[in-house]
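Chains here go by letter, A, B, C and D, matching the order in which they are written, and residues are numbered from 1 within each.
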Amino acid sequence: MAAINIQKLSKDFSGFKALTELSLDVREGEFLTLLGPSGCGKTTLLKIISGFIEPTKGHILLNGKDVTKVPPEARDTALCFQSYALFPHLSVRENLEFGLRQKKVPALDRKDRIADVAEKLGLGPQMDKLPNQLSGGQQQRVSLGRALVMRPSVILFDEPLSNLDAKLRDQVRLEIRRIQKDYKLTAIYVTHDQAEALAMSDRIVVLKSGQIEQVDTPERLYAAPRTGFVADFIGNANVFTGRVLPQKTPTIWRIETPIGILETGNNAGTEGAEITLCWRPENAEINDDGALGGTVTSKAFQGHFTDLMVETKGVPYRIQTSRTDVNEGDTIGFNVPGPSVILLENAQ
Amino acid sequence: MNRLRLNNILMALVIALAFIWLFIPFVMAVLWSLVDPSQPWTADKLLPPAMSFYRWVNMWQNSSLQPALLTSYTLAPSAAILSLLLAFPTSFALGRIAFPGREVAKTLCLLPLVVPPFITAVFFTALLYRLGLTAWRPGAIIFAHAVVFLPFSIRILTVSFETVRQDHIDAARDLGAGHWARFKAAYLPALRPGIYASLLIVFIQSIEEFAIAFIVGSPDVVTIPVLLYSALGQDYVRPNAAVLSLILVIPNVFLMLFLERLLKSANPTLASGKG
Amino acid sequence: MTARQWITVTLLLMPGLGLIVWLIGTVVYIAFAQSFGLYNINGESALTTAYWADLLGNNIYLRSVRYSTYIGVMSAIFSVVLAYPLAIWLRKPFTGSMTIGSILKAPLLVHGLVAAFLFVNVISYHGILNQFMQWIGIWDGPHRLQNDNNAIAVLILQTWKNMPFALLLLTGALQGISDDVLDAARDLGAGSWARFRKIIAPLTVSGMQAAIVIIFIGAVSDFAFQVIAGPINRQSLAQLMVGYKGRGDWNSAAVVGATMIIVALFGSAILAGLSKIVMRGRLK
Amino acid sequence: MIKKLLISTAVIVATTQMAAAADLSSMSWDDVVTQAKEEGELTWYVWYLTDDLRRAAKTFEEEYGITVTIPEGTMEGNLEKLYADKARKTGDIDVFALGWDSYTSVDLSAMFMPLTALPKDDNRVSDLAGIDAGEYAFAFWGNQTGIAYDPTHITGDDLPQTPKEFAAFWQSHPEKFGFNYQNGGSGPSYYQNILRVVSGADFSDPSDSKEHLAALQPGIDFFNAHAENYVITASNADSITRISDGELWMAPAWEDHLAGLQNRGEVRKDIKFYIPEMGMNGGGNGVSIPLNAPHSAAAAVFINWLISPETQTVFNKEFGTAPMNAAADDSFALIPNAMRKYSTVSPNKPFRSAMEAKFTEEVVQQR
C-alpha cells in the first residue's frame, strides 16, 4: 500500500519527447488508469514507475521515498506484462514462487501466500503445468498471481487483457478489480480501451502526446470533459464550434452552431463569444417537431440501441436512439436538452 | 551511462584481440608467400629481404596446383548438384507431409554430423576395396560428399518447403493448374532461395572437405586441402604452404560472404562450416 | 496413414535419408566388423577379439584414447565458456554489435588446415611471437613453442576454430528468450547473476548441449591440427587410425575407429548430461 | 546393387585408356622411341619432392615432347594403388618409384615388366645396398642418411662418431640434438644404427621374433637413459629447419634433402653433413614399369633418360643425390666419396617395422 508522487517527469528519446513535465499524485489503495492513444507516453510512464526506463528529468516518490534511481529489482513494484512473460521452463507453482525466492521469504510463508493466491485465482488444478499447457485466460491469471503474491506496495498493469477474447476479458477485468480491493493494493493500469478504463478505475488519467489532458473520475470525465479530445476519447461526442447569441432570458444561453441553435442553462459566456461545445449522441431526443432536424445517412443496429449517422447542411454527426422505426433517408426532427450541452475549453 | 562505456571498452578489446587473432597471422602468411628464394627470410629482419611473386608463379607452374584447382572446382559443384537432387524428395516429405515419426526422421538426417569424418573416410575406402571400385575414386568422392553433406541440403530445403504457402498451391490448383504448372507457380518461388543456399553450402563444404578427399582420393585425386596438407607434411616449405593457404582461403571468404547475404534474404539456416 | 501413403513417404525418403542411413550404417558396421576380424579386405574373415585384446594392452593406443578425450573435453569447454559471455553481451543489439558479431565469427570462414598453418607460422622459432617476446624483454632467447607436449597449441587452434560455432548456436538459443521474460525476472527482484542462473542458463541448455556435443566429437576425431601442431610423443585417435590403415593393418585401424565412435557417443552423452546439471541444478 | 549405384553417380572419370602395353623387348629402340612419342604422355608415381621433380622433368618434356604428370601421394598411398591397380586390365601407373629396400618385399616378376628394351649401359645400377632387383628395376636416386650439423657451433674434428660420443655430446649440450621417429627415414636410420651398435643384434636377419626384438633392449635402455638431453622432432624437414633456425646444432638428415633445401635457398648454405663411423643407412630409390602400364614405351624412354649419365649429374648437382650411373660426375656431393664406406644397409621388413613400433612404444611414448 503506498502513495506515489510524480514530480515534473520528462523523458526524451533522442529527440522524441515521450513525456514533458508530467506531475501526478496517486492515492493509497487507488486504482488509477493511464488512458490514451498509442504513442501518448502511457507505457513509457509505466516503465519509468517500474524502473525499466530512467527519466531524463523529474522524480518519483514511493511512500515519500525518492526511487527515481532505484533499479526495478530493488523497487517494491510488480508489473503484469501484456505478453504475460511467464517463465517457460518453470511450472505455475515455480512461476508464482520465483519472486518470493528472490526476496528470500521463508519456505512456510511462501507456501501459504501461494496457496492463498492460487485459491483466489482458481489456479488449483494448474499448479504443476508448464505455461505452454495453459489457455490464454489461465496464463493471464498466473501472471497476475505472480505479481500479487509479492504483495507489492504498487501493482502495475501493461494492457494485460489485450490478448484475450471479449468474453474472457470481462470476466478477468472483474477479477482484477475484486482482488485489488481485497488486498487494498495501489494499482496503475495502462490501456487504450476506454470501456475498460471506465469500468475499472477509481480515477482515469487521459494522456495526449506526453502530457496529461485531464485527471478525474470516470463519471465526471464522461459528464464534463475538459477538451474535445477527452470528450471524443471517452465515449462518443458530437463536437461543434458555435457563437453565443443574445440572451432571451438571464438563465438561458443560445448558441448558434453549424447544425442549428442550441439552448442551455450552462453559462456560455458573453454575447458573440466563439466557444466549443459537445453533446452525447444518446442525449438527443427524436420527435417530429424538434428544434433541430437532419437526414439519416446510415443506420447500425447495436442491440439495445441503434446508431444513426445524421447530416444537416452537409455537417455529419451521430445520434443513438432506442427507437427502431427510423430508416436511412428519413428526415428526422430532434432536440438536445439544455443540461446535456457540454461547454469545452477552446484549446482543441 | 556506464553500460555504454562498458560496451565501448569491450568493443575496443575485441577489435584489438581480432587484430592479433586474425589480422597478424594473415599478414605473416602474405609476407611468407612473397619471400624470394634468393635470400631466405631470417629472424633478424622484420620484412623479407627480397620480395617477389616467384613462389606464386612457381607453385602455379610446378606444383600440382592447377589439377588440384580443377579437381576441387569440378568435384564441389557435382557434389552440390547431386546432394540437391538426393535431398529434394526427402525434404518434400519432411516439409510437406505430416507422417508419424517425422521428427525421428529429421534427427536421423543429422547422422553424418555425429559420425567423425575420418571414420566415414577410412571405412568407405574399405568398402570401395571390397567392391573393387577403387578405379572410380572421383565418382566415389562425389557420392560420399553428396551423402555426407545431405544434412545441410535436407535441412535447408525442408525449411524452404515449409515456407511454401498452402493457399498458393490451392489457388493455382483452383485455377486449373496441372502438377507441373502448380510446381512452377506455387513451389518454385518459395524454394528458389533455399535451392541456391543449399547448392552454395554443399559447394563450400565440399571444397573445404579434407578427410574423405585425402583418404579416399589419394593418390589419384588431389583437392586443394589435400595439396595443402602434403605441403605442410614431409617436404614442408613455409613460403609454398603460405601460397597454398591463401589460395584456399580467399575464394572461400567471398563464397561465405555471398552465402551470408543470400541467407539473410532467404531464411536463418545452419550456415556454419568446419574445416 | 494408409498403406499407400506409407509407400510414397518411404519412397520419398529413400534417396535422401535412405542413403544417409545406408552409408553411415555401412561405415559404422564395417568399422566394428573389421575390429572383430570380419569383413576383411585381404585374407579370410574370422570372428576374433585378438585385435581388441592386442590394442587394449598397447600403450600407444591407451595414451591416444586418453589424449583425444582430453582434447575433446577441453576444446568443448573452452569454446562454450568463451562463447557464452560473448553471446549474452551481443544479445541486445547496440551500435557496432553487428561488426563485432561478424569479427568474432570470422574464423568460420578459414579452413582448419589454413588455421593450423597460420598458427604454426606465428609461434615458429623465429615467428612473430618469439620476436615480440624478445623485443619487450620477457624472453632472452626464442622459445620452442611448436609441438609442445601438453598440446596447448592444439587446444588454442580448436578453440579458435570452434568458439565461433558455439557463438552461432548460443546466439540462436538466446534469441529464443523474449526480453519481457528477462524484464519480468528483474521486476521480481532477480539481479543479473540470478537472471543468468535462473532464466538464461536453463533456457539455453539445449543450444549449449548441441554446441558441446558437436565440438567434442569434432575435437576427438581431429587429425589435421594434431599432425601439424600437436605434440610429438602422443597421437590422436584419428592419426593412429590413419597410421594403421597406411600400414595396411585394417583391423587395428578398425579397433581405433570403433573406439573413436564409442568415445564420441558416450563422451558427448556424459558432457550433455553434465552441462544440464551444471546449468539447471538438476538433471530433469 | 551397390556397384551399379556407384557407377551411376561417377560423373567425371577423366582418364582415357590407351592401347594395352605392347611387348617392348621385341622392338628396336628407335621404334620404342617413335611409339613413345605417339603415346605423348606418362604418369610417374613418386612420393617426395614432387614440385622439384616436375621442374626437373621439364628437360625430358622439351627433348621428347612427352608430358610427364606426377600425382601427389604418400609412399603408402602409392603402394596401395599399385596393388589395387594390379587387378585391372590397364592401370594408371606408367613409371613407379619405390624405396630400394622395399624391393625385397615385392614380387618383382609378378608386378613389373623386365626393362630389357633399354639400350645397353653397364654403368646403370640394379644391385644396390645388397639388394639385386635384376632387370625389373634400376636405381635413379642414391641417397644417404647422415648427420647435418651447424659448423658455427661444432668444428669438424670433434664430431661424434660412435654412440658413446653421441651420449657425451647430449650430456654436454642438452636439447641441441634432435631426430624424428616418423614422417621421414633420417631419424629412424639414426636410432636403428645406434640400436645395432649398442645391442650388437644381427640386423641382416629380417625375422621379427620375440628374441630378436628382445636383443635390442640395451639400445632401448641407452636412449631412455638420456631421454631429457635429446629432442624428438616432427619430420625430416622439421629437423633441418630447426638447425637452420639455430635451435638445434645437430640432427640426422638425408643428404639429398639437405642439399635440395640449400640449393633452393630454404635453409642456410653453411650447414655441413657427415656420416658417422658407426654407420648410417644409405640406399636409394628405383623405378620400374608395372605390367599393365598404359604408356609402357613412353615409360621406358623416360627411365632411360632418367638414369642416363647426363641426368644423374644434374640430379647430383641440383639435389645432392649420390649418382646412380658410374659415368656421371659426383663432384657436387656434400661428402667426399671416401666417407661413403660408412654407409650401411637398412634392415629388412618385417624386423624393421617391428623395431620401429617397439622404439615408438618403449622410447618415444615414455617421454
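FYI, a contact is a pair of C-beta atoms (placed from the backbone, for glycine too) under 8 Å apart; a residue touches a chain by one contact, two chains touch by 3 or more.
Just so we're clear, the structure is a prediction, and the values are computed from it rather than from any experiment.
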Report task. Sort the other chains by how far their Cα centres are from that of chain A and give me the top one. Result -> D
Query - Maximum inter-chain contact count - chain pair - result: B-C
Query raised in the report: So how far apart, in whole Å, are chain A and chain C when each is placed at the average of its C-alpha atoms?
Result: 57
Query raised in the report: Taking each chain's centre as its mean C-alpha position, how far apart are chain A and chain D in Å?
Result: 92
Report summary line: When centres are defined as mean Cα positions, the distance from chain B to chain C in whole Å is 18
Query raised in the report: How many Å are there between the centre of chain A and the centre of chain B, using C-alpha atoms for each centre?
Result: 58
Query raised in the report: Which positions in chain C touch two or more other chains at once?
Result: 124-126, 142
Query - Interface hub residues of chain B, defined as touching at least two other chains - result: 43, 127, 129, 233
Report task. Check each residue of chain D and list the ones that touch at least two other chains. Result -> 74, 77, 245-246
Requested in this report: Any two chains that touch count here, so list every such pair.
Outcome: A-C, B-C, B-D, C-D
Query raised in the report: Can you name the residues of chain B that touch chain C in the complex?
Result: 4, 7, 10-11, 14-15, 18, 21-22, 24-26, 28-29, 32, 42-43, 85-93, 97, 99-100, 105, 108-109, 111-120, 122-127, 129-130, 144, 147-148, 150-151, 154, 208, 210-211, 215, 225, 228-229, 232-233, 238, 241-242, 245, 248-249, 252-253, 256-257, 268, 272-275
Report summary line: Within the complex, chain A is touched by chain C residues 178, 180-181, 183-191, 194, 198-199, 202-203
Query - Of chain A, residues touching chain C in the complex - result: 50-52, 71-74, 77-79, 81-83, 85-89, 98-99, 102-103, 146, 150
Query raised in the report: Given the complex with chain D, which residues does chain C contribute to the contact?
Result: 58-60, 63, 124-126, 142, 144, 146-147, 149, 232-234, 246-248
Query - chain D residues within the chain B interface of the complex - result: 2-3, 5-7, 9-14, 45, 47-52, 54-55, 69-74, 77-78, 81, 84-85, 87-88, 92, 183-184, 235-238, 241, 244-246, 261, 264-268
